[in-house]
Every structure is written in C-alpha cells, then in structure tokens.
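The following block contains the structure, expressed as structure tokens.
As written, the chain order gives the labels A, B, C, D, E, F, G and H, with residue 1 at the start of each chain.
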Amino acid sequence: MTLEEILAQFKDGQLDIDAAATAVRASLTQDLGHTVIDHDRERRTGAQEVIFGEGKTATQISDIVAAMLEHGSNVLVTRLDQDKHVALTNLPTGASYHAQSRTLVCMQTPKPKPATPIAVVTAGTSDIGVAEEAALTAEFFGNEVERIYDVGVAGLHRLLGRLEDLRRARVLVVVAGMEGALPSVVGGLVDKPVIAVPTSIGYGAAFDGVAALLGMLTSCASGVSVVNIDNGFGAGFLANSINRL
Amino acid sequence: MTLEEILAQFKDGQLDIDAAATAVRASLTQDLGHTVIDHDRERRTGAQEVIFGEGKTATQISDIVAAMLEHGSNVLVTRLDQDKHVALTNLPTGASYHAQSRTLVCMQTPKPKPATPIAVVTAGTSDIGVAEEAALTAEFFGNEVERIYDVGVAGLHRLLGRLEDLRRARVLVVVAGMEGALPSVVGGLVDKPVIAVPTSIGYGAAFDGVAALLGMLTSCASGVSVVNIDNGFGAGFLANSINRL
Amino acid sequence: MTLEEILAQFKDGQLDIDAAATAVRASLTQDLGHTVIDHDRERRTGAQEVIFGEGKTATQISDIVAAMLEHGSNVLVTRLDQDKHVALTNLPTGASYHAQSRTLVCMQTPKPKPATPIAVVTAGTSDIGVAEEAALTAEFFGNEVERIYDVGVAGLHRLLGRLEDLRRARVLVVVAGMEGALPSVVGGLVDKPVIAVPTSIGYGAAFDGVAALLGMLTSCASGVSVVNIDNGFGAGFLANSINRL
Amino acid sequence: MTLEEILAQFKDGQLDIDAAATAVRASLTQDLGHTVIDHDRERRTGAQEVIFGEGKTATQISDIVAAMLEHGSNVLVTRLDQDKHVALTNLPTGASYHAQSRTLVCMQTPKPKPATPIAVVTAGTSDIGVAEEAALTAEFFGNEVERIYDVGVAGLHRLLGRLEDLRRARVLVVVAGMEGALPSVVGGLVDKPVIAVPTSIGYGAAFDGVAALLGMLTSCASGVSVVNIDNGFGAGFLANSINRL
Amino acid sequence: MTLEEILAQFKDGQLDIDAAATAVRASLTQDLGHTVIDHDRERRTGAQEVIFGEGKTATQISDIVAAMLEHGSNVLVTRLDQDKHVALTNLPTGASYHAQSRTLVCMQTPKPKPATPIAVVTAGTSDIGVAEEAALTAEFFGNEVERIYDVGVAGLHRLLGRLEDLRRARVLVVVAGMEGALPSVVGGLVDKPVIAVPTSIGYGAAFDGVAALLGMLTSCASGVSVVNIDNGFGAGFLANSINRL
Amino acid sequence: MTLEEILAQFKDGQLDIDAAATAVRASLTQDLGHTVIDHDRERRTGAQEVIFGEGKTATQISDIVAAMLEHGSNVLVTRLDQDKHVALTNLPTGASYHAQSRTLVCMQTPKPKPATPIAVVTAGTSDIGVAEEAALTAEFFGNEVERIYDVGVAGLHRLLGRLEDLRRARVLVVVAGMEGALPSVVGGLVDKPVIAVPTSIGYGAAFDGVAALLGMLTSCASGVSVVNIDNGFGAGFLANSINRL
Amino acid sequence: MTLEEILAQFKDGQLDIDAAATAVRASLTQDLGHTVIDHDRERRTGAQEVIFGEGKTATQISDIVAAMLEHGSNVLVTRLDQDKHVALTNLPTGASYHAQSRTLVCMQTPKPKPATPIAVVTAGTSDIGVAEEAALTAEFFGNEVERIYDVGVAGLHRLLGRLEDLRRARVLVVVAGMEGALPSVVGGLVDKPVIAVPTSIGYGAAFDGVAALLGMLTSCASGVSVVNIDNGFGAGFLANSINRL
Amino acid sequence: MTLEEILAQFKDGQLDIDAAATAVRASLTQDLGHTVIDHDRERRTGAQEVIFGEGKTATQISDIVAAMLEHGSNVLVTRLDQDKHVALTNLPTGASYHAQSRTLVCMQTPKPKPATPIAVVTAGTSDIGVAEEAALTAEFFGNEVERIYDVGVAGLHRLLGRLEDLRRARVLVVVAGMEGALPSVVGGLVDKPVIAVPTSIGYGAAFDGVAALLGMLTSCASGVSVVNIDNGFGAGFLANSINRL
C-alpha cells in the first residue's frame, strides 16, 4: 500500500490507529534486520533506493531484491560480483546482468525519458567498465545515453572528431584513469556541466586513481565537478538528476 | 569589433585579407605577453573568462582587467588579496570588492536571470568566506542566491528548520570544513543536484581540507559531486551552468 | 592458586621462600615461550587479558586458550579467521564462534551486569561485522547491548526513528565506513559519550577507512572519541569500562 | 526566557500564539546572521554551546559572547589568539584568559562538581598548552582536575612515582606529542577510561602530530580512545561527559 | 692553471712532484671549508658546476662566486632570493639578475650555440617564474629558446595556434601547475622529447605541485619525462644536454 | 591503403568523394568499438601506436593486434600477462614473448638503426624485469642496447668497472628500486641524458617504488629526468626518441 | 683463489699478466649474468655478501648459493619463501631453514664470537618472525643472542621483570609493531645503543608498519636509531657490526 | 648531594628518615612545575639529561639551565633559537652558542675522551647546520670529531678523495637532504656502523626530508640505521653511545 492508500483506509475506518501507524511505517522504511530499505526515498530525493552490492552477502542482497520487487520497485544492483550474481536465484525473467561493469538491472516500470541525451566519454579502453556503470545507471533512470569511448588526450584528433556528439549532450560524464586530463580538455570545449569520474586504471604513481582524482579536482577548466574513484553509479545518478531539471 | 563585424567589413572590402585575419585573431584571443585572454570562451563554453588572482602580480591583473573592460566584458577577479586590490588603480566606479571572499566584481552588462534560485549552505561561520565566493560568482552570472549559513550537522534542528528553503533551490552548493558531513545529510533530504565544497577550516587531522574532501567524495548520499578544497568559484560557476539548463 | 592463596601458604610454612617466589611469578604472568600471559591484568586494569588472533598461529592461540582456561579465566579471541577456528581442537563445549565478526567466546564465569545498556549503532549493512565485534566484546564483559543497525545519515528519518533507543544507552558505539558522518550526527542528539569506530567499508577515496577515520577525528560534535579502523573490540572494551564507572 | 517560562506565559495568556512561537524559537536557537547559537544544546546533549575562536573574526566572537552572556550562559572560548582576546572589549569582570592554551572563561553560574577528579597528564613540558585547554574545559564544566605534567616514557620512574594520583582519577586525559607512547603505558596501569590527545609537538617525522595520532590509534593498550591532534577541548569535554555518568 | 698546464710544468721540472700533486688536486676540486667546488665537472659530465642558492648564506654564495670567477668559469646561481642578491657585492659588471625566477647569470665566455631551438611552454601566467628558470638556464648553456606562454588545455585553440612553433623545437620543456595536463596534450602533438615540469601553482588538492607531478608521471602520452616540482633549472639543463647530442 | 594512395585514387576518379572520405578516415584512425587505433601516430609523433596490455581483455588485445598486423604495422604489447599471451591465438610466426618483462614483439618491418647505443642499467637483479621492458622497447624501435645489470651503489667498484660502457652510450636508462640512488651516481659520471626508472622492488618504507621515485626526482645530479614507477616502456620509448635526434 | 694467492702466482710467473688480471677480477666480483657477486665485500665492509631472496627466482638464488659455496663462503638467504626453499636442490647437508622468519643458513666456517651478547626484544608474539630474522642474522655473524619476547608496554611489569637481561646486552634490537612504543621505553632504561625495528603487525591506522616507524623515528628516548619496516636482517647485521667494535 | 652522600648522612644519623627520603627523591628527579629534571639519567642510561629548546619558553629553559648548573651538570641545549638564546641571562662565562646549528654548550666538567674519532659527513653545504648539531653533541660527550663536508654522490671523486678519513672513524654520522643517497654509498665503503641523518634540505618532492628519510630507510647498503629528519642531536648522542662501548 502507498502512504495515500493507508491514510484513506484509516479515514474510512478500515484501519484502526495502531494498524495505520504500523502500515505507515512499513510503507516508508522496511527493516530486514540487516538492512533498512528506504521506500520513501524517491519521493524525498527524486530517485529510488539502489543496492550497493559490495560488502553485502548474496543472501542479504537476495533479501533486499525480493523486498523491493515485492514493493513494486525497479531494481538496480551495482558492484555485484559475478559469483554473487550467480547466487541470486530469485531474479525475475528480464533481469539483465552486465559483467564488465558488475551491474544488475530489473525493470518493472519504465521511467519517462528526458528529451536530451547524456554523453558518457572515456579516455581509454580500460575505463569502459566504470563508464558502463554510469551509462547503465543513467539508462535505468530513463535517460538516452551517447557513448564516446577511447578518445583520450594523447590523440586529440580522436576527441575533436566527436565534438558534435559532445556538444549535443545536456550533461557529460567523463571517465579517465592515469593522469585524468580528459575532463579538463572537454570542459574547455563545451558549455554544459561535466561530471568527472577518476578510475583506478594505471599503475605506479597513478596510485589506484589518486592521480586522476587530484587532476580532476584541480582542473583548470570550469564547470567540472568530481565523484569518487570508479564511482560510475554516482556519476550516472547525478547526470540523471541534472538532466531532469 | 566582434567577429561578425570584422567579417562584414572584410566582405565590404573595408578590410583586406591580412587586416581581417589579424582582426579575427584579436577578437578571439588577445596576447598580453604574460597572458592570453580568451575572448571567445563565452561563446564556446557558455561563460566568459574569469581572472584567477592568486599567483599573478597586481600589474598583470591590472593589464587583464583593462583589456577585458576595453573589450566590453564584465570582470570577476577571484582570490584577489586586499593589497593587490588596493594596487588596482584602473577600476571603474561601480566595481565592488568583497574582502572576506577576496572577490572583485565589475559589471558592465547585466546577465538575464534564471527563474530558480541557487542555495548556498554552510556548516559553520568560518566557511562563509568560501561560500561568499560561490554566491558572488553565481550572482555575477545572473542568478538569485539563497544563503543558508551555520547549519552544521551537530545541531540538526538548525538544518531541518531551513528545509523549505533547501527544497526551493534548483541546485545547492554546500560548503563545509572539518569532517564535511553536511552534503551527505543535505543530499538525503533534497531531490536536486548538490555541489559539495570542502573548506580548509579545521586543524590537526582536518589536514587543510583533506578530511572534508574525502568525506564528500565518499558520501553515502547520491547526487553529490565535489569541487576542489576552498573552490567557491568553481561551485558557483557550475551551479550557474546547471541552473541555466 | 591466586596470589592471596600463595601468600597464605607461605606464611603457614607450606611453601618455602623459593617455591613462593616462583608461585607468585606464575600467578601474575605465565611465559609460554612465544607469549607472556598477563594473569594480573584484570586486577590492575579492570579487565582481563584478551587474545588478538591475527598474526598468531593456530598452535600459539591454542596454547594460550588452554593456559587461560586452565587458570579459570573466560576466553575471548578476536580476529580469529574461520580456518584457525577450525584448527582449535581444545575448545570446551559452550564455546561459541561468530563468523562475520571472527570472534570466539568461552565463558567459564559470568560477569555481573551493569544496569544500563550500551548502544551499538551502524551506518550500513556492511558495517555489521565490526559492530558485532564491539557488541560481543561488551557482552563478554557482562553488558546488555542494544543493536541499532543501518541508520546512516543519507536517510535521517531511519536514525530519528530510533532516537529513544539511542538516548536510553549510557554510552554509544557508533560504527561507520565511507565518509563516517554518523557519529557527528549522533553526537549532536545525545548527552552521553560516543565512541566512534571507522570501518574499512567503501572504495576509492575511502582509502580503507581513512576517510571515515579523519571525519570522525574532526567531528564538529563534542563528546566523540575515536578508536582504530575496524577496532570493534577496542570500542566494546572501552564502552564496558565507561559503563562500569 | 527559558522554554518553560515562555510556555507558562502562553498558558496564562500573557503571550499570544505568534509571540509564543517566536519566543520558543528564539529560546532554542538565535540567528546572528553569521552564526546560529544553539541555546538548547545543553538540554539535548548535556553540555552547552562553546565558542571555537579560530577562523572567526573578533567581531563575530564578540557578537556571540554578548548573546550568550545576555542569555545567562557561561562562556568558554577556545583557540582565541591573544590579539583577538585584546579586541574583545565587552567582557565582564571576572572573565579570565589563559594565554598558553588560548582559552577564555566567563563563569556566570557555577556548575555542581562531581565527587571524582579527572587527571590530565602530559609527556613533556611542550604539551602543557594543549593539556591546559583540556583542564580548563573540564573545570569550566565543574570538575576537579589533577595535573600530572612532564612524565613521559623515556624516564619511567617519573610516571611510576605518580601512580597513586593516576589511579585516583575516574577518567584520564593523556596528552603527548612526538611518538605519543604515554597513553599506551598509562592504559596498562589503570582500570579507567583513557582519552588520548596527540599534540603537534615534535619535528620531522612527527608530521605535526600525525606520528602521535597513529601511535595512539594503534595503541596496544585497551581502554584508550583518541581525539583530534591538539584537541584539548574535546578531551576535556568528553572527560566531563564520562565523569558525570 | 688547467690540468694540462700543470702536467707540462711538471715534465719541464718547473714543478716538483709535491707541488704538482697539490696543483692537480686544486685544479679539479677546490675546498672552501663549507663547499667543495667541482672544477672538473664540465669535462666529466658535459656541463659546469652551477650554484644552488637556496639554503646557502649570502657569504657562502659570495665565496663560491668569487672562486668560480677567479677560475674563469661562467656563473649561474639559481633560487637566489632578492635579499641575498643584494648582499652579493662582488658581482662583475654584466651580471644580470632575473627577479621572478630568482636567477643570476654572469657570463665570462659565451658558449657555442646549437642550431636548433628549445621550446619552453607554460599552461598559465603563474607558471612563468619556473619557466624562466628553465629558459635562462638553457640560454646560459648557449641555446636559443622559444617561449610559448599561457596556452593551457582549457582553451585548446591557444595551444593549437602555436603548433608550428612547438614542432620546430628539438626538445620541449612544458611547465604546468594545477592538474598538469599540458605535457600529455603536447606529447601527443610532437615527435620530440618532452620534459615536463610540475609547478607548485594551485591550491587545495593541488598539494603544492603533487597533483601536477602525479599527472605528468602517469601521462598517457609517450616520450614525456618529469623533473622535480618547480625544477626549472633541471629541465633547462637536461634540454641543453639533449639539444647538444 | 596509405593516405597518399587514397588521394591518388580519388584524383584518378577510382574513388568518388564519399568513398575517399571514408577511406581517409579509416587510414588515420580505426574504431573497433572498444578501441580507436591511431594509425597516424607515427607520422605525427615519430613513433607508432603501442598496445598497453594491462586492463584490456585478451579479446580486445587480439582485435587490436589483428587490426595493426592487417594495417602492416609492427606490434609491441607491454604488460601482457602470461595467461593473456597464451590466449592470443592469432599471432604470426616470428612473434616473440618475453615472460619476465611481460612483453610481446611482432616485427613486420625492421626499423633503421641509429649509430649510437642506448645503455640500460640496473641496481639489482630484481630490477631486470622492468629493465628488459625498456631494452625490448628500445630494440623494437630499432636501437642497439647495452645491458649493464646489478651494479648498485652499495658496491661502487661494480659500477666503476663498467664506466667505459656507460660513457659510450648516447642516452642511459637507469633502473633502480629501494632507495633509487643509482641515477644520481651515474648522472655524476656521464655527460649524457639519464632517464631514471624507479621500480616497485623493495618492502616497507620503499612503499612500492615511492621511495625510489622521490629519490630520483630530488636527485642532486643534473641531467636526470624520471618516468613512472616500473615504466620500462616509457623509458625505452623516450630513449629512442632522444637517440634519433 | 684469494687475491693474495693470485698475486703470488703472478710474481712466481705461474700466471701471465692477462690470466692474473682475469683472476683478480674474478676473485673480487663474479658476474652470473643476472647478478654480480661481491666476494670482496667482507674485506671492504667487514661483512660478507648476503642473499636477499625476495624478487629473485629460485633459479637465480640457486646460482648464487652455488657460486658462494664454491667460493668457500658461508651463506645466508633472507626473505626466502617456503616454496622457493623447497626448489633449492643444491643445498649442502647442514643447511637449516627457519620457516617463520623465512631464513636459510649454511655455515661452512664458523665466525669468532664476541664476548658480549646482543638482546633481541619483541613487544608481541606476532613480532617474533621479524625478531628471528634479526637473531639468526646476528648468530650467523657469530654473536650470542638473548631473546626477550612479548614484553610490550601495555604490561610494564613483564618488561621490568627482564631488566637485568636487557642491561647485560651490549646492543639491543627492539622489535615492535602497532604503535611501536617499546624502543622508547627500553631506551630510557639502558645505556646501550638500541636498534628499533618497526614491524608491519597491526591493522587500520598501523598502515603496515608506518605508525610504528614514525613512532620510533620520533622517540623521546635518545640512543635509538631505526631500520626499515620488518628489516630484521638489517638490525641483526648492524648489531653485529656494533658488537664487534 | 649525590645519592651516596645522602645515604651516608642517613646512616650517620645526620638525616632522619623523612629528610633522607625527600633528599633521595630530589637527587633523582627535580620538579620545576613545568618540567621534571631527570638527574639520575646518566647513571641509568649512560648519558645525562639534555635540554630540547624547541617548544619551551625562554623562561622555562632558563629555569632548567639554572637547576642543572646548580646540580653540577654540564648543559647542552639544542634547537635554541637565536632570540631565546639572547633571552637567557643566567649563562655562565664559558657558555658557547653555535648559531647555525642553534646549539648552546656550557661545560662544567670535561668528559674523558675515547681514543677513536667519530666522522660527521655531509652531502652538501646546506646540511652543515644539522651536521654541526651532531658534531657538537658528540664533542659535548667528550668525543673527537672528524668533519667531512660537501662530498655528495653527484661528484664521487670528492668522496673517494676522503676515503682514508672515512675509514679511520669508529662510527660515522652521514647527513644528507634531497635524495639522501650518501649513506648508501658510504655504507658500501666502510666496515663501521653508519648513522644516517636525513635533512629537510630540498624542495618539491623532497617533502621536507621525507624523500631522504625513505631513501635512507630503504638503503641497499647494510649497517645503516636512521634517525629522525634533522635530528643531528640524536645521531651525535648515539655515535657517542657506540663509540664508548
């Protein structure tokens, strides 16, 4: 039951005050013992609860997925390792798993699609895993995504050859490891918000993404903001949030 | 002359090809020896060149300000220390200097104002300098700004008391030092993009803003992205860029 | 023999001076070659010796457990990996092993229980392993523990819904990874000591718990102190120490 | 007016509903523009608002002090530099300033004193500034403080000579810079909670207190928790909070 | 006397063996007590001794300059603060001091000039001090230098407009602070060695040049190597060494 | 087809304008979906595209190798793990794999060889893997390489015994882990450019190559520049680039 | 042949000048291709070459061991993993392998023993692996070693109970992980040199031995110096070097 | 009175038991309120108390100096800034202040001198301040010191020219900033203990001595141990302690 239905039943006398209070609480958050699902999040913050798979057991994830499907929600699980995915036996047909980005999507209700695309751009081939997490997240929330991959700054002509695609997007997610210079260059070429995602691609002084993170934070281009290393989900989520304004 | 005027004169034969080429180049970038002003930036990236005052001499700043005023641009100088401000003798009447945020503004042409406000929020009193840099930048680009100051998480009722103001904004800039927890809490309360600005306020393990920076990057709330420590300008710039979408 | 018994026997002449000296030494510390057990610790510091399982071989742990059981002590082993636990063949019936928190408990003598509970609170589901180490430690020393799990700051209503439970505790252990903001918020809501435990949950700029650690150290709330990353034992120990005052 | 007085007047009809609402709000928080004073903090968290002097202008501090005195509160200002102290012209007679610890105290209403003392211990002479911040804070909240200074571990007999004083305290604040080993040793000698305060005393690999901080966090003694580098205030506050249990 | 002259005199009997040995030693190194001048370095490593001014007293620098001038060498002093420069009263006419890069040059014997130029490129105006140290060093060793300043990646057209100049150089010194992306982009445009110099320009997460340093070390462009932060001298020295091959 | 052939065919009418445009684009870059191969790189930057094997799947590498062989290029794959190498079934006869340095080479067209050798020097036995990556890269681009291994500074006579070999090289690659002192000593003995490569060899405070990296960046010898930790490829590439000047 | 024998044979004419030169070189260093053995090290630095097993293949180690045994040297291999040890098939009878410290010893010629013992002290049980590396190294070079294990500062009486043993040693190696406080306390109790060895024992803010390292470097006790994290070999080597003075 | 005198007087009845106890305590430690002087340290640890001047006020230092002179001790004050030195008005004639190393020495009783010298070696001119702190400390404790300055590894012949002096010393203190390579090279040339002192000389990636510190800790030479950055005193103290064995 939604909150509105509960309140109506309470007014009609179908529910007494104790039953109504219990129902209201359950409609907002659901306590699974290990996890408190926030069913009210979409109303409050504009986007529903998403399951972060890392650090949870397959059993815990399975419980949460079941509860959310039961509640009628769409389900997005990020950072879901292959072996945990295999252990999830309660998935509906239609659930799709994307191995490289470790992302699971079960759509029950499609979302209305904004008219403008989101661009997801990578510096290299190895950044695609993180980029796909961003792209799939943005698509989960109903957006059209333009993928522009392997256009790093060491071969500028590759990037300049896609300038038109870059400029058509309403918001850009730019994913890069190593020195992370791509968002600075893209930021100087477009007039739209750029969400920079450092990746842990690289070795040595790349320090698992720290070099790229620092480079993006200190970018000489304006209009660039940064999310955590490898946080494709966060970038896709924010891109949706901006695209829907 | 604008690019359009030059091309018209060239077509009319008022300019020969060499003079036209020189004029075109000058209308796009202007080389002062120490600095190459990018007069074309607004057309290309949606916002004009802004002067970063730190690390430049007063003489260099003075040259750039003069060239931009001459070119008809509005002027925003950030991180302009009091003593350099005093040394700028060529400022027009109407120029205003904000000491706490070290910001100088000279408006020649007002910008059209978006209908929706930007909220600038701080955790503490000491964060106001950075917050004002963000607020003045957003105002420079024509936005209405709602200031919500000193509402840090150690006294939640202060924040919850301003919930309506928070939710009215189309985009929020949230400024905090020390542990930088405020954007996480705000991000859980609104459905709009949150731009988090860590400040260098704090001591010891605050490490000049690193604690706040890390906290914001790893925020458990979605829809939050981060700019550099103390980068009020970057946050205000990006907030404008989002607000104009 | 306890120290008192030895001294009595020495006075009675049952022990000569050399035997008494040897017995006194043995009653205080016991040297196993690799390990010197501190049997006197409880009298001196208020709590008995506990076995830190990490970095010790199963054989060494087995030796220490045997010596402590022999001496009549209760036994708590922390950070005991599953495979080492399996290798411990000398455990008494009644010994219980908690896999998620890698904790082993063998109670021979129950401890008197303080009247007031200790609250153990987590931000997320993934923090439960560390939280259980704290809770089991506090229970080992005889305390009642109230578990309040998955109430992180991105959904404040979950936390505020447990406010009464939070306020009933005499001391609170608050466990959080990622940005570690929860102790700041809890510290602003209660008038009791808060022991903050950063966890290594998170990725990228979480830096294996450093982001949470710094956030907790620089908390804007007062009355908060911090233990090492993932140190559930230390927090539970200290909570007991405070609860018994 | 306290909240109780306002409600009484409202019930008596002395205040209408609007005036009462305004008065209630003002009795809880007071907005000075730059700062929102949390007059309700003592009721909620057991201790009143304290002013953190660093990063605030003398004018801001002066405003806050005036508002708190007006409200009948005692006033404690920490990290108040000498020159800002001199600039505060609105202090009542009886206000006392402690230069080495940069602490200002104005008592209007003495607090009831717990029966048990708090010990404040330092490793060296140079740690006394931070230790005094802790001691003065504890005294501000009404505690008796036993000072045990310059008893660092390189000369154990100095420490062992004060063992009785250490053991008499109900809670101990142990302040040390450089390698910060003192809390580990003290923690092994007493059965009470130890609050460790790393200081920025030292040079080279002391890294402004980081060596001491890490040493204290990884202490091999149990019952030790840690506050921020140089955070004498936090330690004194927490010691009071524990001592009043 | 040069080594050759000494040996000739020894063969002729003008010097006995002890005098010759002493003279040989003095012709190679000269011990001033505080400093051992390496007069043989040019023969051995291809470039003469240069004076690093930082951390030396004006008196020490004065001694070394005098000894080198006496020995017939050219003199280059780097990182020579204005006040130390003023204190050097023994400079020959013709000595020139460049304040922004803190560099002093006294030429006694001009060096033969290679046919090809060295390019010195900066991302911003604030990087010019370091760039000039590189340029003056390269010129000191006899090279022609092409200066290309303020062509950072946020406005690519500025850089692309100087492509011909970039490609004419035989070796390029690229100087950048903040995210340090410029060498990556330049490295992708030319087929010559690029020496990247990170500068300490920037704030916050620039960490005094660390962000730029890491970015340059992890550059996705090949043919790029890196020198220390702000080490304009090292870059100019190496550029000369490569240009003379 | 090369660009020249395409243009000739277009002029001859063998290709219409659309076919020509498509062919031109394909001759410059080739988009494999996951990767955009830069066939024009050699003309533009003096050296052809090389495949960085780490972070790419065997399938992706196989695709790129096939496309490059098809295009007539030589192929160099670095950081190619043994198991990925085994998975590459499309390698031509003559392809050679070097396991210790994880390098694969397929030569279709030998490169002209410069007259002067490149020296590759290591401090220890464990640095040879990285050194071989540098040596094989330099040989791939056609250079003669002199290997001088295990001549670290703790036994200077080993190094001094190879002085002649060191001085014969036109450019030196010096590879060292632990404290990374070797490039400083070599830099003081030769008059040629030294490319220093820190390795991740060592433990504890070696911090996976950071100690060596910092040591090389702050070398007291001039003429030394540095590449990323373990970046043998980058050093070999740059050495070729310098050797061909 | 030793150097002396070669020279004698050369003088006697048994060797011509070329054969002698070759023999001299071989007697000093021996080049195995991957490794240059320094047979002259003992004469020059007082102690012979030792084999660092980490980062070398079993084959390389086997080669070096064979060459050293052939040359008549004793053999010490440190950081030799169990599986590499098993792969060494050319070990003489009498070779002994110590698994916990990963140390292999083959004595061919015993060393004369100094009259005074070296103490090796540990804070905890988990530090014994590193301590044994130190102890076995010291014994390899002929010293008597007194082991004093598990006497960390959280139970001072354990340490004070061994005071006599501590004071009898001529030099002390003190091994500790976590906060590394033990050398400070020991340094204050004895009048002999203390060599502190930080270990990587601990978790969280222990940062793999960094906390202990910093604590030891900033020790408030004098007469303490430090070696690398887990460097038991270095400590044992230095202790021998001091003990033989 | 010394302890022996007190005990004699007590036996003779000149002191009663209370007076004797008080006198015994005073002869061992003396409490100045801010500082507890450890008069017994020399007997216990072989060297007397030394005053660390940094972080103490001139008044505190003055008190301690007076008490130590009164007690008949020699006085050594390290890290005593020029202005504090000027403020010390109670110095005896014969006190000598060394400005560059900020060291004050007042000898009342000369110490017996060991037969063997200590060598103090620096890499550069700028390291002399720290080196002199070491040298003066060693001399304060009665040793002969051989100074060998400015012999860094970039000019090996300077170092090799002093080989005889290096080998004559019984223990060597080697002081270096920047990459700190000198102790590795010296350690390979001598058979005596080497105490390495990193200095904060350098810039950029020298990180105030961290590069040198890490380089020394990971030295490939054996027999090298390390003290804190700029800790000349610690090195001189330890050198004395070793030299007196």
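As a working rule, contacts are C-beta pairs under 8 Å (C-beta built on N, C-alpha and C of every residue); 3 or more make two chains touch, one makes a residue touch a chain.
Fair warning: this is a prediction, and the values are worked out from it, not measured in the lab.
**Student:** Could you run down the chains that neighbour subunit A and subunit G together?
**Tutor:** C, F
**Student:** Would you mind telling me which chain pair, A-E or B-E, is linked by more contacting C-beta pairs?
**Tutor:** Result of the comparison of A-E and B-E: A-E.
**Student:** Where centres are the averaged C-alpha coordinates, which chain has the largest centre distance to subunit A?
**Tutor:** Ranked by distance of C-alpha centres from subunit A, the top chain is H.
**Student:** Between subunit F and subunit A, is it the same set of residue numbers doing the touching on each side, over half shared, or a different set?
**Tutor:** different
**Student:** With centres defined as the mean C-alpha position, give me the subunit E-subunit F separation in Å.
**Tutor:** Once rounded, the distance between the two centres reads 28 Å.
**Student:** Centre to centre, by mean C-alpha position, how many angstrom separate subunit B and subunit D?
**Tutor:** Result: the chain centres lie 38 Å from each other.
**Student:** So how far apart, in whole Å, are subunit E and subunit G when each is placed at the average of its C-alpha atoms?
**Tutor:** Whole-Å distance between the two chain centres: 43.
**Student:** In subunit E, which residues are in touch with two or more of the other chains?
**Tutor:** In subunit E, residues 124, 155, 187-189, 204-206, 213, 217-218, 222, 228-229 touch at least two other chains, as defined above.
**Student:** Using the contact rule from the top, write out all pairs of chains that touch.
**Tutor:** Chain pairs that touch: A-B, A-C, A-E, A-F, B-C, B-D, B-E, C-D, C-G, D-G, D-H, E-F, E-H, F-G, F-H, G-H.
**Student:** Using the touch rule from the top, collect the residues of subunit D that touch subunit C in their complex.
**Tutor:** Those residues of subunit D that touch subunit C are 44-47, 50, 170-171, 187-193, 195, 213, 217-218, 221-229, 233-235, 237-238, 241-242, 245.
**Student:** Considering the complex alone, what residue numbers of subunit H touch subunit F?
**Tutor:** Going through subunit H, the ones touching subunit F are 123-124, 152-156, 178-181, 184-185, 187-189, 202, 204-207, 210-222.
**Student:** Which subunit C residues qualify as touching subunit G in the complex?
**Tutor:** Against subunit G, subunit C makes touches at 25, 28-29, 33-36, 38, 40-41, 54-56, 60, 79, 198, 200, 209, 213, 228-231.
**Student:** Of all residues in subunit C, which touch subunit A in the complex?
**Tutor:** Within the complex, subunit C touches subunit A at residues 124-126, 128, 149-151, 155, 157-158, 161, 201, 203-206.
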